[in-house]
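Multiple structures are listed underneath, in structure tokens.
In the two complexes below, subunit A is the common chain; its partner is subunit B in one and subunit C in the other.
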Partner chain A sequence: MKILTLNFLCCARKTCKSSPASFPLHPKEASLEQIETDINALFIKNILPRLDWEAMKTLTIELGLPALPTEPPSPEALEDPDSGEPSQTLKDLHQLLMETSIESGALRCGNCDHEYAVKEGIANFLLPSHMV
Partner chain B sequence: MLPTPSTSHASFDNIYEPAEDSYLLLDTLSSKAESTFLTQRFHPTGPSPLILEVGVGSGVVLAFAAANAKVIFGHSDVAVLGVDVNPFAAKTAVQTIAIALKDLKVKPITLGAVLADLTSSLRPGEVDVLIFNPPYVPTEPLSATSSIPSEAMLDSHATFERDSKLLELSYAGGVNGMETTNRLLEQLPDVLSERGVAYVLLCAQNKPEDVKASIRQWPGSWKAETVGSSGKTASWEKLCVLRIWRDVVP
Partner chain C sequence: MSTKGPNAYEEQHVHSVYEEIAPHFSSTRYKPWPIIESYLKDLPPGSIGLDVGCGNGKYLAVNKEIFIVGSDRSSNLISIASQHHPNSAIVADILSLPHQPSNFDFAISIAVIHHLSTPARRIEAVTSILECLKPTGTALLYVWALEQESSRRGWSEGDDQDVMVPWVMRKKGEGERTFQRYYHLYRKGELEGDVVSAGGEVVESGYEKDNWWVIAKRGSPS
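After this line comes the complex of A and B, so read on.
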């Protein structure tokens, strides 16, 4: 699963839904994989407004990836104004969001501490019935 | 006609094989009426729509939506995510999507697949298009524990029993065939974004008219219409697709 996927997921327990601590989930012993893809400035521009920037910053720190800027970049900061070439910010975001994925490890909820296993890139949110 | 994604790599011993219901969803999503509705709803310059398929199975429907995103949603930059309770399905769906996108120059954003009960692992208010071809066949009531595979069952060495249980999960809908669908419908107001739209497939025995009437009673002016049906045969499994949404405040 991509790092970007974590922007849309939270703890599966009903009792955690209303707690801000149930998002983002915290990767544990994550083994990461990089798959190169073509840079697409428009994609990054259109996905930016959907990101929870604070959560993305937390994730990069926890995964030991290059830190993100304090504030989300403006769309203009993604391309060099003169050449139209991708800026470093765009390259970093592309790598983080589109190219980096979690192959295995676990995702921990900050509210209930439950850990969800990730195997072969697939996170398992199925809960034993007493925990639902 | 847009091409149907290949599922020739999939093993249908324990994954739902694409059938009339799957194809009805493909036809409905790519119909002129639905692609016009969706393209208007998701302005081409607006944020990327998040497409979620619950019960993704082989991935044939989500792969189709992803590969034809530009035509269906007016966006090539959709993000697609699949959910299933069947681990073989989750893995296969990821492959089906990758194969369907292989030759595309501009590929949508693939978020992968997760194992989860319905939308339980999704952050509230994020999903823009939710697709669900549920287990809809009327059966004995589903017991809470049997509608989701257990660890013990998946690890079981009795492959045949495990596989038949997984296939049962793909069709057995409990009372009126609506037990799982009703749980999903209850989640829609929380999981859909304001511009969110759900496509849910039903069979005649699910009483689609009653389902629509009850959705229209939800607080917040929800709408429900039949936007696709396979009415050619009068068989007991006559199928339809409901579109469920609310009007966007401009």
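After this line comes the complex of A and C, so read on.
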């Protein structure tokens, strides 16, 4: 499961949705893998404004990844001013969002403490019937 | 319908069937339907959305400039769906989606809502999808129609709407196994009715090849 996906996931319990603590989910005992994919510069540019940067900073710290800058990069920082080619900043974002993946571990809700398992790169959000 | 309650009923007659037939089912589901394909292709680049009940994920690869989180109850189907980049696939229930409310530009749910076995649960499923949308977002919903005289199944208006549909799987050396899946067949206007009951608004609707479809958005608070 890509780090980008964590931007769009919260706890599955209805009672948690209204709590800010249910997002982002907190990775636990996560084992990471790099899955190489082709870079799509336009895709990264378009997705950047949709990232919750505070959540991204929390996640990178919790996953032991290099710390992100305090503020999200500006659109101009994403391409080399001379060549117009993808900048190092864009390449780093691509690597973090699209290539870095949680292979196994769990995702914990900060509100109810429920943990969702991740196995073979796939997170499972099915709840036991007493929690629905 | 059953004394066990709709949850257990759907577990037996929908979820466990898809889990068992996953690879075989997937090999027959590869061609995107035209209305769904053009809906996805017309979305602005950078749109973020959901495919609720994505099955093998055949719609996850239609438009590479958008980001979709696909979900399904069947982990066997999700294993197949997870191979589509740049998108993601997770195991989740339509009535307990792990997504932030009011956060998504679009959603699709294709051939899913008709598997819920009570009117209240079908409306709850529509509510669950619409809640994920931004006020400007839309959802494309597809369900099987009762009115399909021209199909080999031949159902029409007067028929029972709650049916079991066989899935026959032939495996080399193992012979034939038949699985029964539960469906609620929608009659004309019923899907639009579910959208309104769910507090949504119908933007567009129609009939395509044995299915009713609707594009819905969240209702404006009155």
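A few points about this structure:
Methods note: the second predicted complex is superposed on the first by the 132 of 132 C-alpha atoms of A that agree within 3 Å, B and C clash if a C-alpha of one lies under 4 Å from a C-alpha of the other, contacts with A are read in each partner's own complex, and residues count from 1 in each chain.
Just so it is clear, a contact is a pair of C-beta atoms (placed from the backbone, for glycine too) under 8 Å apart; a residue touches a chain by one contact, two chains touch by 3 or more.
Keep in mind that what you see is a predicted model, and the values were worked out from it rather than measured.
Taken together in the superposed arrangement on subunit A, subunit B and subunit C clash.
Residue contacts after overlaying the shared chain place A:F8 against subunit B and subunit C alike. Subunit A residues 1-2, 4-5, 8-12, 14, 17, 23, 37, 40, 42-43, 46-47, 49-50, 98, 120-127, 129, 132 lie at the interface with subunit B in one structure and with subunit C in the other.
Taken in their complex, subunit B has these residues touching subunit A: 46-48, 50, 75, 77, 79, 81, 85, 87, 90-91, 94, 106-107, 109-117, 120-124, 126, 144-145, 148-151. Residue ranges of subunit C in contact with subunit A, taken from their complex: 7, 45-46, 48, 64-65, 67, 69, 71, 73, 75, 78-79, 82, 85-86, 88-93, 95-101, 103-104.
Residues 1-2, 4-5, 7-12, 14, 17, 23, 37, 40, 42-43, 46-47, 49-50, 98, 101, 120-129, 132 of subunit A are the ones touching subunit B in the complex. Residue ranges on subunit A touching subunit C, taken from their complex, read 1-2, 4-5, 8-14, 17, 23, 37, 40, 42-43, 45-47, 49-50, 98, 116, 120-127, 129, 132.
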